[in-house]
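Everything below concerns the one structure shown next.
In order of appearance the chains are A, B, C and D, and numbering begins at 1 in each one.
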Amino acid sequence: MDQPTDEVLLDIHRRMVRIRVFETEAGRMAEAGKIPGALHLYVGEEAVAAGVMAHLSDDDWITSTHRGHGHLIAKGGEFDRMFAELFGRATGYCRGKGGSMHISNMDLGMLGANGIVGAGPPIAVGAAFSTKFRNTDRVAVSFFGDGASNEGSFHEAANMAALYKLPAIFVCENNGYGEYTPQANHQAIVDVADRASGYGMPGVIVDGMDAVAVYEAAGAAIERARSGDGPTLLECKTYRFFDHVGVRGMGLSYRTDEELEEWQKRDPIHMFEARLDELGVLSRDDAAKIHEGVLEEVRAGIEFAESSPLPDPETLLEDVYA
Amino acid sequence: MAEAAQREITYVGAIAEGARTILNEQEGAFIAGEDVAGAGGVFGSYRGLLDEFGSDRIVDTPISEEGIVGLGVGAAATGLRPIIDIMFMDFMGECMDEIANQMAKMRYMFGGSAKLPITVVTMSGAGMNMAAQHSQSLEVWLCHLPGLKVVTPATPYDAKGMLIAAARDDNPVFVVMNKLSLRNQGPVPEEAYEVPIGAAEVVRAGDDLTFVSYSRMVSEAVKAAEALSADGIEAEVIDLKSLQPMDTDTVIESVQKTHRAVVVHEAVRFAGLGGEIAAQIQELAFDDLDAPVARVGAPFSPVPFSSVLEQTYLPNADKIAAEARQLLGM
Amino acid sequence: MAEAAQREITYVGAIAEGARTILNEQEGAFIAGEDVAGAGGVFGSYRGLLDEFGSDRIVDTPISEEGIVGLGVGAAATGLRPIIDIMFMDFMGECMDEIANQMAKMRYMFGGSAKLPITVVTMSGAGMNMAAQHSQSLEVWLCHLPGLKVVTPATPYDAKGMLIAAARDDNPVFVVMNKLSLRNQGPVPEEAYEVPIGAAEVVRAGDDLTFVSYSRMVSEAVKAAEALSADGIEAEVIDLKSLQPMDTDTVIESVQKTHRAVVVHEAVRFAGLGGEIAAQIQELAFDDLDAPVARVGAPFSPVPFSSVLEQTYLPNADKIAAEARQLLGM
Amino acid sequence: MDQPTDEVLLDIHRRMVRIRVFETEAGRMAEAGKIPGALHLYVGEEAVAAGVMAHLSDDDWITSTHRGHGHLIAKGGEFDRMFAELFGRATGYCRGKGGSMHISNMDLGMLGANGIVGAGPPIAVGAAFSTKFRNTDRVAVSFFGDGASNEGSFHEAANMAALYKLPAIFVCENNGYGEYTPQANHQAIVDVADRASGYGMPGVIVDGMDAVAVYEAAGAAIERARSGDGPTLLECKTYRFFDHVGVRGMGLSYRTDEELEEWQKRDPIHMFEARLDELGVLSRDDAAKIHEGVLEEVRAGIEFAESSPLPDPETLLEDVYA
């Protein structure tokens, strides 16, 4: 795996910023009571989605989690239709039927956020089966959390992917918590990657705050998958800066502010921007401009959503069957 | 008790009180589930219990529903009295084998030699924009399984009393709570009491028709009854409370008086428990009926996210009243 | 077709023929499940298909029901047409999440953008001393889930024709086969044909009462009808064939003629689909009914092992006829 | 772990012979049409049940599988009530309600054969939780197959047992097949024990045809569990001499006769008897006498079963609720 080109670095940066700004504003909207239901934000974990998705095209598939906006954005999701979905509007990606926990876009190869922890990996295995069945070189990436790694569905999916040598990549976003339960209280292991050998696939651990590290490790795993050598379990050590649901970052009772502050020092976007600056790829000023530009896009997305019509009640019974 | 009953607490607080009662009373009782300990339950149902009873008895689990229910089955069969929390009823999909094929059947398959005093607490219902996978009312899956009991508290009083009754029962009992009721206030005695499993209650008297309901829809049926009352129609409202076993007698007695019945639940109407109830009513009170037994339930779609759709989806007082009016030819 | 229809094959052979038809016709079709390839299915449903279509299209899986169904969901959403075999319907407990929360709801949650042409073949029913975990009829779980279709072939003809119809459908369809019917012979055309999903059939005409049934119980209802015929009672027998969608019209039409109905299924009576059917009949034909809609189903216990108990448990022609006699006041 | 004493060796031998003779005759009875339903026989795998159970008392718990007679016999099950159950008689352990796939005896600590592959491990975790909750030093052993190791329920149970440091032992009876599917077609790994490290527990591989090896490895795992050090995954490499269901051993299409013959050369009872003879613990003649004695017991059991009453149909609705 070569070092990422400048173009790739800028691309990764852009994806991360898009996630950060979208999520931050989405959090605001939720706090303002404009987004109903449960909102699981991805802030802090941007390097994972961005580093992986930089390798994928619309023809590659991903499955996501309850914390799914970041994956969709990194896969090319547009702010306007995303916000429209979170706002429950008819113009949303799911016509207002899915909301945050089911946001999806088939054209972008995004097989949905998922309200069921652990439900994604078996579906990704199905998508990988599909691309292999048709002899394409497309892959399927399944994102899931440290908590989800304890669901039996993950186990079954991992075993099947290895058995059939499917072009699947299992990306564990280990943010140290399943809801309010720290990893040490939900599994006796430290590295989820240790589970890989039990399925007969490589397990790789990577710093999930370092977008380049994620990019490189994901690249190797995806390359392996595309060449028919089967799946990889890629564990990205990361952290969520906000609460499990909604925004509040500090003052949570299940983790310390110190812990958060330690992780925030390694903010994936700050670290990446320092690096880009150092490399002369993107100056601080230009980075700031990108944030501003994205913020404008986000605001336009919110405006689109707010001015979009609510679903017609008549559509309730549509989309149940093809 | 009259005075104690004046005290009002929330439905979610009543769950905690019921749990506390059982933990104090039964040394083999423990609570296990996702985030029940450190977080006190994501709905707050078990707040404070970890401090009071310690981590041996209030047990956070991994996200492993099948493992959790299996743990409950094994612990119950070997002499403990587990209270297992399945956060959302929708997650039963992850553990239906341990529920349907182990918990419900073990005693029978073993020819009666095993006893399974296990209580499962879970949350049903829509109305919070939680969309298709966090809003379901799947009680019919459970009611169809011999070996299980199923209760559905509609009030804080019942939440506490039925949880206590369930945990004292030597059989697997599902206590299906309702998440939109969590903040409801109601009178709840401080002392321990049971709301008996298998007994329905007439919560509003009336002569003109009978609403048969359970869980949150009871209050919607009462609202519908009040609206009808303005038109001179007095509806009797029955809260079934216990779905398995079901107190059919109370229902039939009412229908023999009112000659008309509307069965109301939040679950999808098709193949919901309402079919069973309606079928039983016409089986047992055919000659008393002046009109077909009507049913109000959710339409045949997953639960949608957007409020406008979700409210269209949900049964409510207006829809119940409209069904009643149609039944009465109004 | 008249001549081809003369050919008789078994129910299990008909499944294989239906599967072969689809595999020849649809290049995205494949079969996945435990022991479907090397062993040709533990019931023989897929015998010979591995040799014919190869291991890319006839896929043995690990014992991982949730993984298998998830594979089907993911493959279907991405353009293939999976036929997923879940050996025994009882094993749905292991995969209800992928069935109920993914397969059934994905299209809806995605606002219509996903299409899930997936067929699930599974076996229901008791009568083979397979005891509580290999004998259930759990179709009501599925029928209650918007997004799924459910069919229940009673004959070899229907087994082939409904499997073909299911696999050609762009929705998830459960084809619930019956294991006690596997060796039954019946006329099956060699060519491809569909038995339409959503259409019931009057399999025996009669004026005195209507048996509404599906799956193996259709033949028991026919036997009961024949027994009653000796007493001068002519029962009409309806095979619903498709439970979701359900052809209520055909049922109502019959009841309007006969004025009496007995709903018959093998599933546990309480909270079974019979409740829905009975409720609908009295809703839609109340004034036509001369007696309550009766129901025959299994009693409220798990399926026992010992023959004497299992036969006591199972609905059959005698019990159906007895229920009919009672309904007729005989 | 000390070497087993002569007494222990004779005890293990007896347990193995009891299983072998019972299963062989049960197979005959099934072929004669006297035992209805599905019969999964344990012949060939006796060393596993015997070697493990020699460490357990009635107060220790086990969960079993569809192939459960051997476990129950080794745990002290009596032939008469076992045959009565297989024959569907009222005098059976389950009053004729369970049959082969649910045969059980709570007094012996046997939590049932199980018709659902993989359902046992979570239940064993519950039993282990129970003994720990009450501060006893009892353990729970869960038997399951190579096929079952792919069920998510195994994964969840293993993770929980390790997390809580429960006195549980996961005994994988790897007989190389799940029904008619060879292991290589259901998982990409060779050793199921490789899964242990993914849960944070030791994984041990043992020759499942060698009763002493099983005894010693199980002893270490049980000792570890009893002293509060948590679970072990113990993989026993074994083979079933009969078909998946019923008897027929040779001429099966999914495995070769040569393969069976190779394994039969390592028949756990033959090997063990050779060793006992060598050690001077039990002569060939005395061994033969034990077989004969057990056969008589088995015949008496069958007679008991055959002369036992069928269940009263009235009992159908009993035992549904306590």
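As a working rule, a residue touches a chain if its C-beta (ideal position, glycine included) is under 8 Å from a C-beta of that chain, and two chains touch if they have at least 3 such contacts.
For clarity, every value in this text was computed on a predicted model and none was experimentally measured.
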Where chain B and chain D overlap in contact partners, by chain label: A, C
Inter-chain centre distance, chain C versus chain D - centres from mean C-alpha coordinates, in Å: 36
Chain centre separation (chain B, chain C; CA means) in Å: 30
For chain A paired with chain C, centre-to-centre distance based on mean C-alpha positions, whole Å: 40
Chain C: positions in contact with at least two other chains: 61-62, 64, 66-67, 90-91, 93-94, 97-98, 101, 108-109, 131-133, 146-147, 300-302, 304
Per-residue multi-chain contacts in chain A, two or more chains: 94, 96-98, 102, 114-116, 150-153, 155-156, 159, 163, 185-187, 320
Graph class of chain-chain contacts, one of line, ring, star, complete, other: complete
Residues of chain C touching chain D in the complex: 34-35, 38-39, 42, 60-67, 90-91, 93-94, 128-134, 299-302, 304-309, 312-313
Parts of chain A lying in touch with chain C, wherever the complex brings them together: 61, 63, 92-98, 102, 104-107, 111-112, 114-116, 119, 121-131, 133-134, 140, 152-153, 155-157, 159-160, 163-164, 318-322
Chain C partner contacts - residues on chain D that touch it in the complex: 36-38, 88-89, 94, 96-99, 101-102, 114-118, 147-148, 150-153, 178-181, 185-187, 254, 310-311, 313, 315-317, 320
Interfacial residue positions of chain C with respect to chain A in the complex: 28, 30, 56, 59, 61-62, 64, 66-80, 82, 97-98, 101-102, 106-117, 146-147, 149, 170-171
Residues on chain D engaged by chain A in the complex (per definition of touch): 150-156, 159, 162-163, 165, 185-189, 194-201, 230
